[in-house]
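In what follows, a structure is listed as structure tokens, so that the remarks can point back to it.
Labels A, B, C, D and E are assigned to the chains in the order they are written; within every chain, residues are numbered from 1.
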Amino acid sequence: MKDFDDSPIVRNGNSLILAYDHGTEHGPVDFEPMPESAEPKHVFRVSEHDAVTAIALQKGNAEYYRKWQEDTGKSGAPLLVKLNGNSNLAKREDYYSPKQCSVRYAVEELDADAIGYTMYAGSIHEDEMWKEFREVQEQARKYGIPVVMWSYPRGKGIEENTEYSGQKDPEVVAYGARLGLELGADMVKCKYPGEQRDWEQLEDVVGEMKTVMSGGSKRSDKAFLEDVNATIEVGGNGLAVGRNIFQREDPESLLDKLEGVIFEGKNPEEVTE
Amino acid sequence: MKDFDDSPIVRNGNSLILAYDHGTEHGPVDFEPMPESAEPKHVFRVSEHDAVTAIALQKGNAEYYRKWQEDTGKSGAPLLVKLNGNSNLAKREDYYSPKQCSVRYAVEELDADAIGYTMYAGSIHEDEMWKEFREVQEQARKYGIPVVMWSYPRGKGIEENTEYSGQKDPEVVAYGARLGLELGADMVKCKYPGEQRDWEQLEDVVGEMKTVMSGGSKRSDKAFLEDVNATIEVGGNGLAVGRNIFQREDPESLLDKLEGVIFEGKNPEEVTE
Amino acid sequence: MKDFDDSPIVRNGNSLILAYDHGTEHGPVDFEPMPESAEPKHVFRVSEHDAVTAIALQKGNAEYYRKWQEDTGKSGAPLLVKLNGNSNLAKREDYYSPKQCSVRYAVEELDADAIGYTMYAGSIHEDEMWKEFREVQEQARKYGIPVVMWSYPRGKGIEENTEYSGQKDPEVVAYGARLGLELGADMVKCKYPGEQRDWEQLEDVVGEMKTVMSGGSKRSDKAFLEDVNATIEVGGNGLAVGRNIFQREDPESLLDKLEGVIFEGKNPEEVTE
Amino acid sequence: MKDFDDSPIVRNGNSLILAYDHGTEHGPVDFEPMPESAEPKHVFRVSEHDAVTAIALQKGNAEYYRKWQEDTGKSGAPLLVKLNGNSNLAKREDYYSPKQCSVRYAVEELDADAIGYTMYAGSIHEDEMWKEFREVQEQARKYGIPVVMWSYPRGKGIEENTEYSGQKDPEVVAYGARLGLELGADMVKCKYPGEQRDWEQLEDVVGEMKTVMSGGSKRSDKAFLEDVNATIEVGGNGLAVGRNIFQREDPESLLDKLEGVIFEGKNPEEVTE
Amino acid sequence: MKDFDDSPIVRNGNSLILAYDHGTEHGPVDFEPMPESAEPKHVFRVSEHDAVTAIALQKGNAEYYRKWQEDTGKSGAPLLVKLNGNSNLAKREDYYSPKQCSVRYAVEELDADAIGYTMYAGSIHEDEMWKEFREVQEQARKYGIPVVMWSYPRGKGIEENTEYSGQKDPEVVAYGARLGLELGADMVKCKYPGEQRDWEQLEDVVGEMKTVMSGGSKRSDKAFLEDVNATIEVGGNGLAVGRNIFQREDPESLLDKLEGVIFEGKNPEEVTE
């Protein structure tokens, strides 16, 4: 994706991805703090904010998103179709995320602007996921749309390795990001390890590939914006966020602030004044 | 399926699916209370009732159904071909339902009006079933026919999770329904958890997707109609029923009542008078 | 197969299939009682008897059968190519029968008149076999040739279920037959459970599908003919037989008698006089 | 292969296959008794002897063989490409031989005159190998080239069966040969069980299919020629041999003698005089 | 590859492959001794040295390499796309390296001059890797580009075999090289067992196939050049090297010396003066 900067999911080189795959990954429980968020149209409407450069949806909601756009005439945000995902109902030997949408369907039927794929390096299923990603990446290249990797190293290879402190070990997170580069992603979504120097170390090993921080569970505006800003300062390219937006009464307010930090070069103090 | 409401398996927005896959799932034992029901033509004839908007059959019976229509000139109900299923003869490590009819065969050779697929989220085979469903759903879209998911979370992931009381735990049932939405079904068939507020909770998380209650084993008319009505009142779209119909001496009578409740806005008291 | 009665493997609605797959299933040991039977041409010649409506062969022998017909100018019986089979050399965790001939090869290269597939419901491999059967059945439909299922429920699901007395439990045999109907076979080959009322019960659950009794190991003419007749009287459609024919010095004599019982409406007493 | 006798790998109805797949199967250790034999061209030159009706090579050596023929203008023997094989480096749960050359490549790129496939009936991988052989055999038929099966029953099914004395049990060898016939091979390569009557018993169950004896490890000319002759006398069609040829200083001499026994109807005494 | 000597990755019959797949195989830790090496462009520039006949990259870096060439107008070295690889994050039962780039993508989209594949003979996954290599090799032949096998026997089959001292046992290394020949590689990359006579033994069993020594971890110039020279003297065709080059402050100096030894027939003493 030599022209990734021209992609609709990028603005001034950065991105803010509104993720709404929680009904798949966690089930209805994630909507409880804000019951309206269970209704897809509620979140579709949130994606209309200028700060949102992509809405990430599983196949079924992506179908309804296109229908909603057509029915209402609203534009919404560019569409990133998340190709794999998993429920937390199943008992698995180790982390795995099956594919439930083909690249062909995402592009030809859903007119996706980008596709996303979760990679669990460190799982006993890592090798199988590499093979699936290979095919996904090559098909996306054929269609000319960018590939975002949710790069989340986890599973037995991490848990049972005493050299690592866990999924947020800076070395683990940086290795995960580097794998995104090596395997051919255009952008990786990574956990924030906790310190700015950790993200800087990550940026040092990803070449020209884009990076976005994973939003995680709901936190205060201040703490959240400071982390986002810390990554931006050292070369990060933005944020993928779900619960921190759709679990709020007033998502517009936080989106305004994120817009300042991610796209307008403002610091957290400026935008929260 | 933007035009699902125009589908022959929907009438006034709702559906009544006469399911006859018990010879696969349970074997001849399900026909013992009403031996004529072992004869497919007996059930084909029942499907002629106006209340029935679809008859759900496995491949072999679907072939004979089309032959019966041709031989007799009868119209019968629209045909929903159930694509997967399993016998209870096999010993399985966990729940799984193999596919025994392709979408292509269902549509091109059997002229199906809809297809059905059973999903066992919670099983160790959940991920494999997601992959199969992915392909089924995308092929059905290609042919333009609706996809009904028998969404039955069960298996080790449910049984061994102490947070859940079992397959009818309202949270489990609602998560199963939401997965139907996320994975791209047009309608889900779910177990009735037992209380109207449970179904309401389910309706809150499925967006525009249709839902039908699973009929279950044979019960009294009154208890059965009240449950159906409870789901309709909070947004449910009807019923998929087998034994409660074909194990009766007089299925017409109950079908008359169901027609009132599901399609004509009547309450159980009105139709049983 | 609406026109199955017009198929060359059916005569007056019934069939007698001469099975010669024992070299695969049991090895040369089955030929020891009658060493000539090890020579395929010996059995090819037996198939010339008018009573035989099909000879069931594995791929290799089917190739030689067509060559023998060409070389000798003899017509032989219509050819049923058995698509799967297994040796008893391997140690298996549970029953399974791999496919060693494609439908395409059977039809296009071997000019098969019918195809056969063994189904072991009850095995831990049942689901895999359903998937293979799905493809086989749909391809056979494409070519317009009938599908005969050797429906033999067995394996851990039967052995470890205390409700069943074993493979010949009438309930097990009837469930196996019903699965043939549900999965789309045109004819099932089943074990005779031992009593006429068991076969009658089986006939009650298979709709219009044909059934043939499995010949089993060698027995006296009288006992054998009585069993065949018992199935015919309650709706059975004939017999698939191997050792009871090719292990005899004079197979013609028994074939004459079977012809009477299966195709000419005679009873065992009449044909043995 | 009705016209197998017209194949270049057959001469007067019989064959002598010079096998040179030991670098795959056993590694360089097999070349130690005769270091020149590690050099493929050395063996290519041996194949020029008139007695050799085929040289059996794995893909890589087959590529160099065709290059050697082109570079030197020598004709060499007809080429049999061995499609599967395995190293003895890996630890396997039971015997298995993966495919490393497709039929298409063997025929279209290597211009093979025949193809070979090893079958380990009795292994827990037997069923998988049957499926692979199915495809190989049908593709070879499409191209019209003969199929030679290295039929070597072995593995847990043989070892753990107390009825069998091992891989060379005459009953095991004969069953293996019969499987070649049933599965559609044109020629089987079998171990010599040790006695002429054993091979005769084998010939009794293979119909018109060709058989060749497996050469095994190096032995005296006399013992070797007597075994070969013993098989020829009861209907055998020759020999597949490697180490007994390429581990000798003077392979020409033994090849002269084998030519007499296999193709010219001479007995061992005549050719060793 | 009859014309492999004409390939751009060969110069005077030999090759020096600059390998840069460490971000995949080992993660960012390999860049720590020389932090600039984490930046792909840094290594791309090193590949401009005349001594480098190929740069070996995983898919993602190969994409950026082509972009870098286009952006800067620099030529760089010919491109060898490494098709498989693995992270050391995962816990595996035994060695395996999944494919993350197809031959088609390497050739058609990345315009690769050669492809590389790692083979772990001795692993319980050996057979699976043979099958993958089969397909890779045949596709590469179709496109007419050379195939380099990283032939590294390892895993349980080696570790648990008391006849072998380990991965560098000369017999193991030579068997691995021979497998490259048998399976159809054009060049194998092998570990240096430690003594010149070991490499000579390896050269004796590979026919015309090319061999390159694996560079391994960083060492002194002298020790390194002597090993390289030892292989060249007995028929070796060069070197594949990563850390010994990119972990140095001054890679140019060592590349100058390697150029002398590998391509200009100089000995280590000459080039280090």
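Methods note: a residue touches a chain if its C-beta (ideal position, glycine included) is under 8 Å from a C-beta of that chain, and two chains touch if they have at least 3 such contacts.
Model, not experiment: these values are computed from the prediction.
Student: Just to be sure I understand the contacts, which chains border both subunit C and subunit A?
Tutor: A chain counts here if it touches both subunit A and subunit C, which gives B.
Student: Based on which chains touch which, give the shortest step count from subunit A to subunit E.
Tutor: Graph distance in the chain contact network comes out at 1.
Student: When the C-alpha atoms of subunit D and subunit E are each averaged to a single point, how far apart are the two points in Å?
Tutor: 36
Student: Provide the C-alpha centroid distance between subunit C and subunit E, rounded to the nearest whole angstrom.
Tutor: Once rounded, the distance between the two centres reads 58 Å.
Student: I need the residues of subunit C touching at least two other chains; which ones are they?
Tutor: Correct list: empty.
Student: Over in the complex, which subunit C residues touch subunit B? Could you list them?
Tutor: 2, 121-124, 126-128, 130-131, 133-134, 137-138, 141, 153, 155-158, 160-161, 171-172, 174-176, 178-185, 201, 204-205, 207-209
Student: Which residues of subunit A touch subunit B once you look at their complex with the stated criterion?
Tutor: Answer in residue numbers: 21, 23-24, 27-29, 31, 35, 38-41, 58-61, 63-64, 67, 85-87, 89-92, 96, 98-102, 104-105, 109.
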